[in-house]
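Presented sequentially are two complexes of chain A, the first with chain B as partner and the second with chain C.
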Partner chain A sequence: MSDSENACISEDLGGYVLVRVCGEVDLSWSQQVRDAILAALGNSGVGVELARVTYIDSSGIAALVEGFQRARSSGRRYGLIAASRQVLAVLQLARLDKVFPMFADVEAARAT
Partner chain B sequence: MNAVPLAAAGGGERHALRFLAELSQALAQSLDLRETLEMAVTRIADFMQAEAASLFLLDHAGLIECRICVGPVDITGLKLAMGQGVVGRCVADNATQIVRDASRDARVNMRVDAETGFVTRSILCTPLSNARGPIGALEVINRRDGSLFDEDDAEILRLVAAPAVLAIGNAQLAHGLVEQQRIKRELELARRMQKSMLPKRRRGDFPIRGVNLPAHEISGDFYDFFDLPDGRLAFVIGDVSGKGLDAAFLMVRVASMLRWVGAHAPAPAVWLAQVNAELCRTVQDGRFVCAAVGQYDRASGKVRLASAGFPPALLHDGGEFEELPADGPPLGVLAEAEYGEREFALGQHALYLFSDGATDVRTGATDRLGEAGLRGLIARHAALAPEPRLRAVIGDLKRLHLVDDTTLLLLQEPCGTQAHTLLALEFPAQAAQMRTVRAALRHALDAQGVAPELRDRLVLAVDEACTNVIRHAYGGECTRRIALHVARERDMLAFELRDQAPAVDPACLKPRDLSECRPGGLGLPFIAATMDDWTLEPAVDGQGNILRMHKRIDNGEHE
Partner chain C sequence: MNVTAPLIEVEKLEAWYGRRRILNGVDFAVNPGEIRVIMGGSGSGKSTLLRHLLGLHKPRSGTVRLLGVDIARASERQMLDVRRQIGVSFQGGALLTSLSVGDNVALPLREHTNLDEATIRIMSRLKLEVVNLGGFQDLMPAQLSGGMIKRTALARAIAMDPKLLFFDEPSAGLDPVVSAELDELILRLRDALRMTIVVVTHELESAFKIADTITVLDQGDILMTGTVDAVRHSDNERIQDLLNRRPREIQVDADAYLKRLTEEAA
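Presenting the complex of A and B:
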C-alpha cells in the first residue's frame, strides 16, 4: 500500500478543478499539495480527491484546512472527495471530520 | 534649591552648605545606620548650637520612639503617642513645630523635665517623612547661648531631615533583604537536612522505592526503610498534620521514633502503639501524625502492615485494586489507642502507600485528583517496571497542581519480564527520511499484532514527533541525527526519540484545543490523543532532548 507514488495532479473540469492526491502526504511535500489547492481556488471551486492517499500527517491536514478557509473567504465551492480510510481516521482524530464537506465522488461534489 | 536663610548658622552660608553636604554624604554612604545616625544627630546638635538633640521613629504599633539621643538627659526608648507632646504633634501634623517659650506652651510635655531636673526652654522639631508620610521626627532643644530657635533654624533642620530619611529607608530595605536571604538559606539547609534523612535509593532488584515531593521547601511527610537483624525489611511512611516549620520539626522527631522503635522488629501493631504512647506523652499542641509501618519477608513473600490513620494502602495485581484501610487512629491523638495489623502474601502484586498529598493534587481550579484518579494513574502505567512506573506516576502528579507534601512508597518484587527492543533507527533530520521510518515502524508494530487502526495512529504520533524535532528542535532540515527506539515490556510499548538539538523547555509544549478549526499545531494533540503518556526531558549528558511516549496495547490482541 505504501508503495504508491506521491503525486498531486490538478484537472480542470471547466469551472471546477479536481486536485487528485496520491501516496503518503507528509512534511516532505505537503507544501506542494497546499500550493496546488490554493492555486486552483484562484479561479474556480475545488474538489480534493483523496482516495489513494495512504497516509497523511498534520502538515497535510493543515493544507486541507487552509484550502477550506480560503474557499470560504472567497465564496468558492470546496470539498473532499472519496477520502480514504487512513485520511478519515486522521480527520476524526483532529475532530475535522464534521468540518469539511465530504463527497463520495466528483459528480456529487460538483452538484453542490 | 531655594536660597537658604542662614543667619542662625553663625558661620555664614558657606559653612552651612559644607555642613549639609558632608552630612548628606555621610548618610548616603551609611553602612551601619545606628552609628551613622548617632554621628548625624551629634553633628546636628553641634551645628545648631543645641543642648540636646534626638531622633524619633514611628514603630509598627504607631508609637513614636526615641531611637537616638544626645544631650544631658538620655531619653532613648521614650515612647510617645501620636499627637502627644511637641514630637507627637510634629509627626501627627507632619509639620515643623517651633516652641519659643516652653514654660508657657501647651504642646510641651513637662514630665521629663520634672523627672530629670532638665529645663526645657526652646524646642525645634521637624518631621522625617517619605512619600508615604511621616516616619519620625528630628528634635533639637535649647540653644546653648540662651537665644531662641527661629525660622532659619527650622529651615536648616528641614534640609537635614531629607538625607536622614533616605538613609533610614535604605537601611530598612537592606535589612529586609539580608533577612530574606538568611531565611532562604536556612530553609534550603533545612530542606537538605530533611532530604538527607530519607533512605538512599537502593539499586538492583531491591523491592522498596519511595518518593517525597515537598510542596514547599520543607516537608511534613517522610518515608523510611531499613534492614532488620532477621533479614526482613522494615518500611515506614508518615504525614504530619499541618505545614511549615513546626510540622517539619515534628516530622523529624516522629521519623526518629519510628526508626528507633522499629529497629527492634516489634509486630507492626505494637510498633505503632509504642510510638503513639510516646508521642501522646510529649506532643500536646493538637498535632498528630498519620503513618503506616510494615515488614516484608522476601523469603516467604509475606507482608505485615499496620496503619495509624494513614490513607488506605492499595494492593494492585495489575488489574484489580484491593484497598487496605487504616487499623487505628492517627498517632498522637489517643494515648491508649490500640492498632490492628494485617498479613498477606505480596506475590507479584504492587503495594502502594501514599500520603494524602497524592490525592489532594488539583486537577482543576478546585477539583481533587482523589483516590479514583490516583488509581487511574497507577493503572495507566501498570505495565511499566516499578522504577519507571513510579517515575511516570510522579511525572503525572507533577504535571497537575501539587498543593500538599506528597509521598509515595512502592513495595513490589521486580518482575521477571524484560523490555525487548522492537526497532532501533537513526536517521538525519530530513522530512524525506520519514517515509522509510514509517514503513519500518509499521512493520515492527505489525509483527507485534497491533491492530491496524492503532498501528496507524502510533505511526502518525511518532511521525509527528519526528517532524516536530526537524521543524522546531533543529529549526529545519539538517544532517543532524534523530534516534528512534521502540521497545516492548509486557503489554506496554515504549517509544523513545532522541535528538541533539538545544534543550527544549517542556513547559512550552501544550497541546492546543482541537475544537477550533485552524491549520498547524496539530502534531502535539495527535501525540497526546494517541499515547497513554509522554514526557520530554533534556538528555542526561546535557546534549539534546529525549521524548518518551508509552502506549499500552490490549493483551487480547497478541501472544
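Presenting the complex of A and C:
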C-alpha cells in the first residue's frame, strides 16, 4: 500500500488486531475505518496504526473515539500507534492526545 | 478543479444598493491554506463583499468563483455541493433558538450526510470541545453568553470540516481573553484541519495576529492586499487613517446627495 492511497487493513497478530490506516481519512470513507475498528474489537485488543495517515477529519477521529469507547466498555486493550504529525495536530486540537492511549510502535502497544 | 487554484476568485465585482454603488469593481483571490482578513471601516463594503462570497447575492456585474464554481451560473446542485464545503460563523451567531447547542452543531451533519447518529454525536461534541464548550450540548441558545453564542456558531461552522471557513467579526463584543482564544483557535484550525479561512473584522490586533494576508477595503475599493507587514507600513494615507483610528473626511457628491433626498424612486 502506497502512502497516497486510502486503505484500511486489519492484521491478526494473535489475540491482538493491528488496523493499519493509510491516506486521507475523510467523510467519503471514514465509515469503513469505523467498521474495521469495531469488527476488530469483536474478540481481541486493537491497535490502530496511523503513521501513514496524511489527513484525518473529525469523522475519522469519531471512528477512533467510538472504538476506544467500545474497547473500554468490553475491557479490551486499545491504542493509537505511531500517529502521524497530521493526526497528532487534530488530536491536540480537541485535547484527545491526552485521552487516547498513544504508543510509538506495535510492540509497546501490545505490551500494555 | 486544480488543487493549487485559488478557492475564491472575484473579478471586477460591482454591487449596488439602489443608486448607491457599494463595491467598485473589486478583484479578490484567496489561495488554499491562506488566512485572509478583510478589513475596513463601517460602510467600506466588507459585509457586502462577504455576502457575495457566500453566494447570498448574485453579482450584478463581475464574477465570483467559489471552489472553482461561478456562483452566478451554478446549478442548484453545484451550489449545494459548494455549500457542503464551506462553513460560516455569522457575527450574531444565527443559532436556531428552538434547538439545543448540541443540535445546532449537529444540524449540518444531519442535513448533509448519511452518517449514523453515534458518529454525528461524537463529531458535534468534538467540535464543542474544540471551542471549549465541552459538556454544554444540552443548553439552549437563550442560556448562553455572547462569547458562548459565538463559539457555538463557530462549532457549527466547522461541523463538516469545511475546506473554506468564513468568520464574520470573531472578536466583536467579546472580552479580550475570549477574543485571543478565538484568534488562537483560528490559527490551529488552519494548521490541523487544512482550512482556508476568510475573516471579516475591524479589530486591528486580531487581524495582525491571525492574517497571512489582509485586504483593506474603503468605500467600495480595495486599497491594498498584502502581508501584515506590508499593510502596517503602507504609505497609503487612508490605510494609515484606519490603522491609527483617524476619522475620515466623507466626500459629498452634491448631485447624488440631493437625488437621494428628493427623488421618489431613489
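Of note:
The rule we apply is simple: the second predicted complex is superposed on the first by the 109 of 112 C-alpha atoms of A that agree within 3 Å, B and C clash if a C-alpha of one lies under 4 Å from a C-alpha of the other, contacts with A are read in each partner's own complex, and residues count from 1 in each chain.
Rule of thumb we're sticking to: contacts are C-beta pairs under 8 Å (C-beta built on N, C-alpha and C of every residue); 3 or more make two chains touch, one makes a residue touch a chain.
Fair warning: this is a prediction, and the values are worked out from it, not measured in the lab.
Taken together in the superposed arrangement on chain A, chain B and chain C clash. Using the contact criterion defined above for the overlaid structures, shared-chain residue A:S28 touches chain B, although it does not reach chain C. By the document's definition of touching, neither partner reaches A:E49: not chain B, not chain C. Applying the stated contact rule after C-alpha superposition, one finds that A:Q92 touches chain C and leaves chain B untouched.
On chain A, the surface patch touched by chain B in one complex and by chain C in the other comprises residues 26-27, 55, 57-59, 61-63, 65-66, 86, 89-90, 93-96.
The touching residues of chain A, when paired with chain B in their complex, are 2, 24, 26-28, 55, 57-59, 61-63, 65-66, 68-69, 86, 89-90, 93-96, 99. Partner chain A is touched in their complex by these residues of chain C: 113, 115-116, 118-119, 122-123, 126-127, 129-130, 159-161, 188-189, 191-194.
If you check the complex, the residues on chain A that touch chain C are 26-27, 30-31, 34, 55, 57-59, 61-63, 65-66, 86, 89-90, 92-96. Contact residues of chain B toward chain A in the complex are 430-432, 434-435, 438-439, 442, 453, 456-457, 459-460, 463-464, 467, 470-471, 514-515, 517-520, 522-523, 525-526, 529-530.
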